[in-house]
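The structure under discussion appears below in the form of C-alpha cells.
Chains here go by letter, A, B, C and D, matching the order in which they are written, and residues are numbered from 1 within each.
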Amino acid sequence: MQVGVIGLGAMGSAVANNLLKAGFALSVYNRSPAKAEALAAKGAALEKTPAEAARGDVVITMLADDAAVENAIFGPDGVLSTLRPSAIHISMSTISVALAERLTEAHRAKTQGFVSAPVFGRPEAAAAAKLYVIAAGAPDAVERCRPFFEVLGQRSFIVGHEPPKANLVKLSGNFLITSVIEALGEAFALVGKAGIDRAQFLDVVTGTLFGAPIYKIYGGLIAEERYHPAGFTAELGYKDIRLALAAAEALKVPMPLASLIATRLLALIAQGGGHLDWSAMAKLAAQDAGLETTPRSSH
Amino acid sequence: MQVGVIGLGAMGSAVANNLLKAGFALSVYNRSPAKAEALAAKGAALEKTPAEAARGDVVITMLADDAAVENAIFGPDGVLSTLRPSAIHISMSTISVALAERLTEAHRAKTQGFVSAPVFGRPEAAAAAKLYVIAAGAPDAVERCRPFFEVLGQRSFIVGHEPPKANLVKLSGNFLITSVIEALGEAFALVGKAGIDRAQFLDVVTGTLFGAPIYKIYGGLIAEERYHPAGFTAELGYKDIRLALAAAEALKVPMPLASLIATRLLALIAQGGGHLDWSAMAKLAAQDAGLETTPRSSH
Amino acid sequence: MQVGVIGLGAMGSAVANNLLKAGFALSVYNRSPAKAEALAAKGAALEKTPAEAARGDVVITMLADDAAVENAIFGPDGVLSTLRPSAIHISMSTISVALAERLTEAHRAKTQGFVSAPVFGRPEAAAAAKLYVIAAGAPDAVERCRPFFEVLGQRSFIVGHEPPKANLVKLSGNFLITSVIEALGEAFALVGKAGIDRAQFLDVVTGTLFGAPIYKIYGGLIAEERYHPAGFTAELGYKDIRLALAAAEALKVPMPLASLIATRLLALIAQGGGHLDWSAMAKLAAQDAGLETTPRSSH
Amino acid sequence: MQVGVIGLGAMGSAVANNLLKAGFALSVYNRSPAKAEALAAKGAALEKTPAEAARGDVVITMLADDAAVENAIFGPDGVLSTLRPSAIHISMSTISVALAERLTEAHRAKTQGFVSAPVFGRPEAAAAAKLYVIAAGAPDAVERCRPFFEVLGQRSFIVGHEPPKANLVKLSGNFLITSVIEALGEAFALVGKAGIDRAQFLDVVTGTLFGAPIYKIYGGLIAEERYHPAGFTAELGYKDIRLALAAAEALKVPMPLASLIATRLLALIAQGGGHLDWSAMAKLAAQDAGLETTPRSSH
C-alpha cells in the first residue's frame, strides 16, 4: 500500500518514521526538503509537490495551520489535483472546523475519500506511536484508515460520520487543557502569595483529586515557573483557542471561560511571551497579584 | 485516649464511627441529638454541649459552615471554655481562612492545641476511611494528630505550621473542581450543539488527557444532565467559592476565573437551582447556547 | 462636481438626498435598483454597476458590511476599475480595520484617493444632516472631502493620515456604547430585583452623572424593556464588537470587557434574540438574576 | 432647629459649613477634634461624643465607611442612645445595604426617624452645595429632611420608602462610573496602541456620543495618564464595588461586569496602586497590551 505524508515537522516526521517501520511504501513532501533527507535515507521517496505525494492509496497531512493545509490541498500543485477517487486524504493537523468543512466538500465533489483525524500527543508521543487519534468520516473510509491509526497511536476514537466533528472534538480538548492551566495559575498565585510551598501544593493537587498527567505536567511547569523552552507555545495555544471560539461562534455557543483564556493568552503574547510555553499563562495571575512585574522574562 | 466529635452530619457520623471502630473512647455532640443515637448504641457518650464533648485529649469539629463552628467554639457552652491546655482541637470543617485565623488566635491565647485538617472526599469516602486529610499546625500538635488521620483517611498532607494554610489549600482544591465543571459545561455545550454524542465525547476526554476521577464523575453527570439528587449542592459550592474569593481578597490575589464561577453559581441559584448538584453549572452554558431555557428543572 | 453614492439603504439614501439638496450632480448605484427610484425622480442618474457610479470626482460607499464593500470595490464591475487617479473614494460604512487597510493599499496602488469616513448617527440623524463624521486619510484628500462632510454631518473629526484609523475609532465608539448597555443591564437587574422603580432609577442616572443622550436612549429602552422594533439589531451589534475584537487581536490588545460583551450578544442571538435591539443584551442580566426565563420574547 | 453633624472629613465639613451658613444651630463631632475647630470658630458647638451631637432635631452622619458608622451609631456613646423619638438620623455616608438595613431596624425599634441620603458629588461639589442627594425613608421623615437637602445639594431624588434603597441606588451609580472607566481604559489601550492621538480620541468620544461630565473627567485623566493625586482612590473604589457585589449577592443578582471590575481594582491594589485615582484601572488594560510594565508608578 502506497502512502504519502505531507508535512515533516516534529509530528509529521515521527508519523512518517512509524509508517516506514510498519512496512508501508512511503512518499513524502515537505516545503523545505532538508527535513525529508533522513527519511529518504531510510527508503522514503522524496516528492517535489503535494500533488506528487498524493498519488498513492492514502495521503496524510500533518501541517502547522490552516494556511499550510489550504496551500497543500487547494494550491496549484495540491493534493486535490492528483488524489484518486478511491484514495483517502487523512487530515491529522489541528485546523479550523471551517477548513475541515471546506475539505469535506472539496473531496466529496471529486469523490475522493476524506477522514479528519487530529491527534492528542506531543512529538515524543508521536515517535513512540502513543498518540490518541480522534477520527471522523464516512464509516467505510474510517474503517480503511484503522491500520494507520493502529500504527501511529495507542488508541483511536471515532466521533462521527462528518469529518469536521473530529476537529471540533480536538479543539474542545485543547480548550480543556487551557482551562486547567488558567485554574492552576490562579490557584498557585493564591497559595503562593500565602506562603504555601508550591511543590507541596502540587503534591496535594495531584495526590488527591487530580491524578491525570495533564495536572502533573502543567502543575510541575507552573510550580517551578519553567516556561522555557516551550513544549507548546503560547502563540500556538492562542491560535487553537481562537479556532475553538470561531467554531463556537459559528454554532452560536457563548463560552465565557474560553473567552477569558483567549484574553489571557493574548496578554501574554502582547507582553512578549508568545514564545513561552502556553502554561506561562500562569504568569498573568501572578502578575495580577503583584507577585511579578512582567511575563517577559523566560524562566 | 478520650476523643470528642462535634457535628454528626453524614461526614461527622462517618468519622465518629471510624474512631469507635479503632477503639477510641468517644464522646459526641450534635445540635439535634437524634443523629447521635446510633453512635450511642455503639458505645459513644452523648454530650449536651460542645463544652462537654471537649473535655478529652482531642476534640474534632466537622460542621457545615462558619456559623456552626463559631457557635460550637465561641458560644456560651463552647469548646474554648473546657478544652485543656495540652488537648487539641482538630477542625475538619470547610471554613473560611478568616475563621481559621480567629480559631488559631483564640486557642493560642488559652495555650490549647489547634490543628486545621479539612478533607477531600464525599460521605462514602469518609465511611470507607478513604478521605484525604489536608493538615496544618504546630509540628508537635500535627504529629499527635497523625493516628487520627490514619484512622480516618487514606493519606494526609501537611501543608504548613499555621493552621489557616490547610483551609486555603482545601478551598483552592474546591476551586479547581469548579473550574473543571465550568470547562466541561462549555465544552459539552459546544460539541452537543454540533450534534456530537455526549457520551462519546466524555469517552474521548477521560480516555485521553483527563483520566482523573473528577473528570469521570462530573463529566458523567453533565453528559447525562443528571443533577438531582445532588452530591454537593450548588449552594454549598457557591459558599466555598465565595470563601476562596474572600481569602483571595484578603491576600490581594485577583482571580478572574474564580469570579466567573461565582457569577455562574449565583445565576444557577437565582434561577432556582441551588438545590441541584454544583455540576448543574453546566446548565448555564447550555442555556447561553439556546439549548435549554432554564436551569430550574432538575433532570 | 460629480458624485457617486453606492449603497442606498436607510443611511445611504439619506446621504444621497442631502447631496442632491446641496446641488451636487449625483449618480447612484444599489444592488436592488428599486431603492434608487425615488432618487432618480429627484434627478440622480441610476447606474448599473459600482464601476459606473465611480466615474466622477468622488464616490461614496455606504454599505452594510465588509462583504458588500469588497464586492463593490474589488468585484468584476467594481469601483477600482474606473475611479480616476485624482478622484476620491470616501468609505463611510462600518467595516473592519483589515478591509480598510486593504482598500488603502489598493487605491494607493492605483494612485486613487481614499478617505475612510465612518459616521456616528442613526438614519434620522443622517436625514437631518446631523451625522458625526470620523475621517482619516492623506491631508489633502481629507481637505477635499470637507464640503461633503459639511453637507452630511453636524461635525467632523480628523483622526489621522491613515484611513484605517477612522475605522478603529468608529469601532471603539460602538464598543463604548455596548459597554453602557451591559452596565445599565446589570444595574437595572440589581435595582429592579430590589423593587426600586425602574423609571425612577433611570431618572437618577440621567439626572445626575450621566446626562448624555446614549444613557437616556438606552436607559429608556431597558427601563421599559422595549427591544422591538430594533433601532440597531443585536446581530449588527455582534458584528461590530467582533470587528473591534479582530482589530484588537491584530494589535495585540486584550479587551476583557469587549470579550464579555461579545459573549453576551452571542448568547442573545443563540437564544433567538438576534433581531432585537442590541440593548436587549440587558435581558441576559435579568435572566441571570432569575427575573425572566428567556430572551426569546420581544417586548 | 438644632442639627448635629458627625464626621468632618472633606465632605462632612462642607456639609456642616453650608448648614451654618443657612442659619441652623449646629453641633458637630469628629473623632479627631482638630478638624472641628474651624467650625467652632464659626459658631458650631463641639461635642465629645456622637451621642452628644445627636440630642437635636436632626443628626447627619457623613463618615468614611461601615465601621465608622457602626461605631458612631451603635458604639458606647453612640447616636442610638440619645436620639429623641421624634428626631431623625440622616445617613449620608456610602455604606453597605446590609448596614442600612440594620440601621433601619435599630431606629425603628427606638421609634427614631431614619432617612438614608447618600450623595453623588466630590468635596468641591459639596462645598458649592451642588450635591445630588439620593434619599429613601418614610415619606413624612423624608419630607422633613427636604430643607436640608435643599441647603446641601442642587437636586434630590426620592427612591423609595425603605432607607436601604437609597444606598443601593448610590452603589449602582458608582458601579456605572467604574464601568465607564474600564470601557475607556480598554478603548484607550486599543486606539493608543494603534498610534491614534489620545487627546483626539477623547475629543471624538466626548464630542459625539458621550458628552456627560463623567466621560470628560475620567477620559481626561486616562488620556493624560494623570492618576495622582487621586480624586477618589482605587481602594475606596474597590470598597464600593464590593459593597455593590455584596448587595447583588444578597439579592441573587449575578453581575459579570461588576465582577470583572472588582478583579481589575484588586489587581491595581495588589500591584501597589491602591492610592491612585480609581481611573488608574485603565493602567491594567495598558499593561495587558504590553504598553507599560506595571501600575506601580503614579503619573
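Methods note: a contact is a pair of C-beta atoms (placed from the backbone, for glycine too) under 8 Å apart; a residue touches a chain by one contact, two chains touch by 3 or more.
In this text, all values refer to a predicted model and were calculated from it rather than measured experimentally.
Farthest chain from chain D, judged by C-alpha centroids: A.
At the interface between chain A and chain C, two copies of one sequence, more than half of the residue numbers in use appear on both sides, so the contact is built from largely the same positions. Here the spacing of chain A and chain B, counted between their Cα centres, is 37 Å.
Spacing of chain A relative to chain C, judged by their CA centroids, is 39 angstrom.
Rounded to whole angstrom units, the spacing between the C-alpha centres of chain A and chain D is 52.
Residue positions 252-256, 260, 263, 267, 270, 288-290 of chain D each touch two or more of the other chains. Interface residues of chain D facing chain C in the complex, by the touch rule stated above, are 120, 132, 134, 155, 157, 159-160, 165, 168-169, 172-173, 175-177, 179-180, 182-184, 186-187, 189-191, 193-197, 200-201, 203-205, 207-215, 244, 247-248, 251-258, 260, 285, 288-290. Of all residues in chain A, those touching chain C in their complex are 242, 248-249, 252-256, 259-260, 262-264, 266-267, 269-270. If you check the complex, the residues on chain C that touch chain B are 256, 263, 267, 270-272, 287-290, 293-294, 296.
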